[in-house]
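Shared between the two complexes below is chain A, which pairs with chain B and chain C, respectively.
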Partner chain A sequence: MRYLPLTPDDRQQMLGVIGAKSIDDLFVDVPKAARIDDAFNLPAHQGELEVERALSAMAAKNTSAGSVPFFVGCGAYKHHVPASVDHLIQRSEFLTSYTPYQPEISQGTLQYLFEFQTQVALLTDMDVANASMYDGSTACSEAVQMAHRVTRRKKAVLSGALHPHYRAVIETTSKFAGDTVVALDADPSGTEDIASLIDSETSCVVVQYPDFFGRVHDLADIAAAAHEAGALMIVAIPEIISMGALRAPGAMGADIVVAEGQSIGNPLNFGGPYVGLFATRQKYVRQMPGRLAGETVDVDGKRGYVLTLSTREQHIRREKATSNICTNSGLCCLAFTIHLTLLGEQGFTRLAALNHESAVKLADALDTVPGAEIVTSAFFNEFTLKTSKPGAEVIEALADKGVLGGVPVSRLMPGNKAVDNLIIVAATEINTDADRAQYAAALKEVLS
Partner chain B sequence: MADMKFTKDHEWVRVEGDTATVGITDYAQEQLGDVVYVELPDVGKTLAAGDEAAVVESVKAASEVYAPVSGDVVEVNGALADAPAGVNDDAMGAGWFVKLKLANASELDDLMSEDDYKTYLAELD
Partner chain C sequence: MSNPTFTGHRGLDHEEPLSFERGRKGACGVDLPTPDGVASRLGGLERSGPVGLPGLSEPEVVRHFVRLSQKNYAIDAGFYPLGSCTMKHNPRLNEKMARLPGFSDVHPLQPQSTVPGALELMNELAGWLMELTGMPAVAMSPKAGAHGELCGLMAIRAALEARGEAETRTRILVPESAHGTNPATAAACGFSVDAIPATDDGRVDLAAFEAKLGPDVAGIMLTNPNTCGLFERDIRKIADAVHDAGGYFYCDGANFNAIVGRVKPGDLGVDAMHINLHKTFSTPHGGGGPGAGPVVLSDALAPFAPLPYVTKQGDTLRLVEDEASSDADPFGRMVAFHGQMGMFVRALSYMMSHGGDGLRQVAEDAVLNANYVLASLKRVMTASFEGPCMHEALFDDRFLKGTGVETLDFAKAMIDEGYHPMTVYFPLVVHGAMLIEPTETESKETLDNFIACMTDLATSAKAGNAERFTQAPQLTPRRRLDETTAARSPVLRWTPPAPAQAAE
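Up next, the complex of A and B:
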């Protein structure tokens, strides 16, 4: 069917039927103060070529991630995504059926969801994972809600080394659910004592791994303290590639593990869409949000896939559902599954090693710069750099020299003087020796 | 079964002394189909009549079990956690959900007798 816009005559005729003089008459109920009476200051319509030219000129003002040495992380990481991933996810069998409304006839979709869940459970060392959430931060907030259901308590304790965006999502959800959030102050020194805040009202502690400042630390003691008080430990992983090198949270007593899955198969995408990972213990599976694909056999004994435990979900449980997730991040989840399958266990471990190696080389290079100090002793592919000048100024000056050098902590924790001179720096397999040398040279000039 | 009372939501309650045992009716378990999961409240929880006392989940639906009368939860049927099919096997007996310490015996007067409930079911069909 062609789209045929209305003619002025059509509009006049319709207005006549309802007794209005002009389209503006339909908006008289909007208070005058909230209305814009002047015409928008926009140029007249242009042809495709002119629009392309104008937008390209605007886009060229950005320093894009792929155009300069790039060391920005803090929850979103630039990794190499093989062209084969993009090719495979765009096959129409996957692309057009990303959210099956009659799931059992979409066996291919259910199979990849099942494989995705299996991968997430293996990466996190947990019993069961769902078919994905929207992103790491919303998954983390859902985990807090789930812990409240499991423990029938309403207080979450958040580490001061939890990403401020994750904290903000938890606080927003909790505010409207009437739940309590106790968030520790920013913890750049890694000395917070979160276990001392756990009491008999506490439903869960939320810690990040590696944490916001890049630190890798053992979580077993926190898990033990939480379990002692009848609370759960939730672990948030913003950089899932780290699981190729580090001990998984499941092996340290985590009850719920959430992660941002963007790093595998998905480009930066200006901040989204991403894919949230969510895994838990078998005994909590009925309190888990989201969809779950299961493997079974049909009447002839052949392997098949089904959506399982659907009674937790919105279409059956209505307002009592365990979450309002009704479509997951299907295509991003597919990209994750395909990329991880292509990598395989060995490839994934090797990729993690490359990331760590890249970050160690960078830390070694930056640590020799006068006025710069690496404050993170144990890290994966991201660490905290302390500079003799305020971090925000340093990052701006580096950008002028053609290096995107990281995230000044003051941008995410504004008003906190303790973090003013701190920068979170990430390095991945995309960075070359030349990139690292250019960063160190530029930093030397900026700090001199 | 003469000492049993019934609700329109298909719960039954049986009173012995000041203890009220609560479950779902045979009709309810038949409508639900195979019960696969039962969520029970904490012992000590105070329930008002009409509050959600438990959740029962079958292969095709999940629904709430409401407290027919007010009272504190004094015991829950832990056996249902491992063997939820007990609800299908003996809904009116061994498949009970919770025991309440009766707070207000007069609330029983608002519930249906077995004959009333049978009439009510006949109207539903």
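Up next, the complex of A and C:
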């Protein structure tokens, strides 16, 4: 077995040193009845070739995003990732190290975390950011818990245009923590009045930007209303590339900004692993969840980095910790950092412009299709399409024609009749004019 | 410092500034087409100023991150016996499999009809996990071990609610040797935490545990093998007692590597147990994630497993994503989408490579390696407990008494000798803990060299060479860092230097 270095001779010699007759002597504390002596109902070990053959066959049954005109978004987006990103994250020293518990031999990880934190703070226009969370949805739920700690209140008000999965994660966490959640109904028309729901018991309002339906709108009034009531505004960003084109939430009064960082550096991976971004104001830093890298000096006076403020964390504070989170999303966070460093100011803002342009062109192309109507006027790279037939049927029919055309809203908001004919459509820099034309042509056939 | 260089570099060890200190306007590491310039539809919300990112070309970026990588210790480069973390070899086949476009380039919300292979992979992995643990169900979506703990406790809470006892059963028993995530998780789930003391032999004090049982107990969170590296001999009695008292048994599966293929947790009375795929099943630790923490569940808790889950309808696998489509009673949702697919592929690739026979050998070799280290080092260091250990060996600092050397100093001296230190000061139940977990992927030669080095260090400490320890490490990119100042006045990001005053 290729991963196991011990030979039968080694094992015998080692048992001799230990003073054990057989390996069973070492399992002596396991109750006899619980020891398994017969084989498991599992196949025997296999070589690389056999494993590769079996898994490749499984993978081949899926339609990969790169093989078709692809327009699926809703919180995960297909972008081009430069080749050097995947090469660098597979460096042994990054891939096979762990949490930088020993900073003297972990400066590589600690420095990139410090760079990552700076990047996230800049993108969101916030003071500080942590070293990442599992993903956007869990980061959003952690933000609600943090707002409860800051305000000593227990009620969160959620926009109806928050991603339904994000909402579900918040509701699940809150239910068990004994907190209150008030969620508006989904409102595809974009007229919800969230400010009117804020009262003296509200700890936070949670809004998405761009929202679930793809819309962008100014959040300054919501922030003002929240602050007037002593509540925080949490902004969730599903598509972080948008920050290269849009006004950042920090400039509109956000107190906590969370985001899904997958779009930068990370593949779609059927939903994970991704990387959650979490940023806030300096004054709330000690209430933040998750790891933080900080700058310091060593005994020779040289600048270096360490994990810091760990008295917030579970391994020190146990049941009084700000979160139970232990890991961050290390390698995904590294991919994010490298990709964004490659992009730089010029590349990042241009990438955002290309995304917006791709979506504008697609919206114009689809709007001409009889039976289809774009219902989002202001958007970044995603918008809502209203079709004359139910969205779920349209998406299946498009898939049959080799186009992955988006997400039917009914998949994420089942039981809501008002959204049955709506589809969320995303376009990014990967889409060509030919892709867009093929989509429009296929949609025309499906809706005719 | 000896031999200061002009550059500050020391041979292969390069000083590397922050990317923010290097970039300049006009440089860029990607080539993107010029936008055509269609009219903006951003609703008047255009970003007004620059983001503030530095510009660097691709070769500069590559060199920056390669240099940073060279400042890290890693399993691929050396022995990494970090107790409780299971730092085993990470096969590259797993990386290759996870990068197959059919797995990596698939969107979680594309039509289910276009992803049968992805559902098949999840279902196949679930099957392996259930067989290996002897449990009837598994929740796949939790993103890490601590997230799996949360899933397990939420399932317990949901089951109590279904029994109408959620309001009365509010206490979770947690041994004092537990990982910090256990009490933090229980608190996050709305439970109060009650610590169970350990016995002198490093296990749960059964009498103290039984005395704590009562009608307000929701369950126990118990790590097995425990954080002292010992199997809880009374585990069956503990399980029965907590069940008789109306509670549930959450087993922290962080140390599953010691028993995989040898013991089925289902035979021990477990109701829920998370499995760290990044430990037992060798998905890479990646500098601190991403992990994956599927949770196996007993019949009592299975109906409450969270959304989404894969189910079989005839010959077709289907992903159940919402409550209305579920014929069970899911407690809710823990994540957007479906879990750590990229980790699922790696873990299955690892399992298939080992097979049922190889996984059993994994546990046996992990336990053998740990006992070999324990037997060889207990002559010069102080083993905390009598008898064989499981996959990790626990020592404490009694052997350093009067030497002027503390556990931390001892660890730092190991760094100069080319080793990643073991876990230190955990578990909390012994003084100055040193927890050594070699894993099964280390050769006898590596262990012999390590044992020789540790013996030399222990002898040296006892001989009064305290400076070798208190001044360590000497040979690293940075020496000991001032963590107190870092926490007192935190600097958590780079800020641009203030513009220089114009010369008069």
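In this text, the second predicted complex is superposed on the first by the 383 of 448 C-alpha atoms of A that agree within 3 Å, B and C clash if a C-alpha of one lies under 4 Å from a C-alpha of the other, contacts with A are read in each partner's own complex, and residues count from 1 in each chain.
As a convention for this text, a residue touches a chain if its C-beta (ideal position, glycine included) is under 8 Å from a C-beta of that chain, and two chains touch if they have at least 3 such contacts.
Since this is a predicted model, take the numbers as computed values, not measurements.
After overlaying the two complexes on the shared chain, residue contacts for A:Lys32 are found with neither chain B nor chain C. Greater residue coverage of chain A by touch, when chain B is weighed against chain C, goes to C.
Judged by the touch definition given at the top, the superposed model places A:Lys21 against neither chain B nor chain C.
In the superposition on chain A, A:Lys417 makes contact with neither chain B nor chain C. Once chain A of one complex is fitted onto chain A of the other, the partner contacts of A:Ile316 extend to both chain B and chain C. In the superposition on chain A, A:Arg152 makes contact with chain B only, while chain C stays out of contact range. When the two complexes are overlaid on their common chain A, residue A:Thr63 makes contact with chain C while staying clear of chain B.
Residues 311, 316-317, 320 of chain A lie in contact with chain B in one complex and with chain C in the other. Those residues of chain A whose C-beta lies close enough to touch chain B in the complex are 152, 286, 311-312, 316-317, 320.
Those residues of chain B that touch chain A in the shared complex are 37, 39, 42, 55, 57-58, 60-62, 64.
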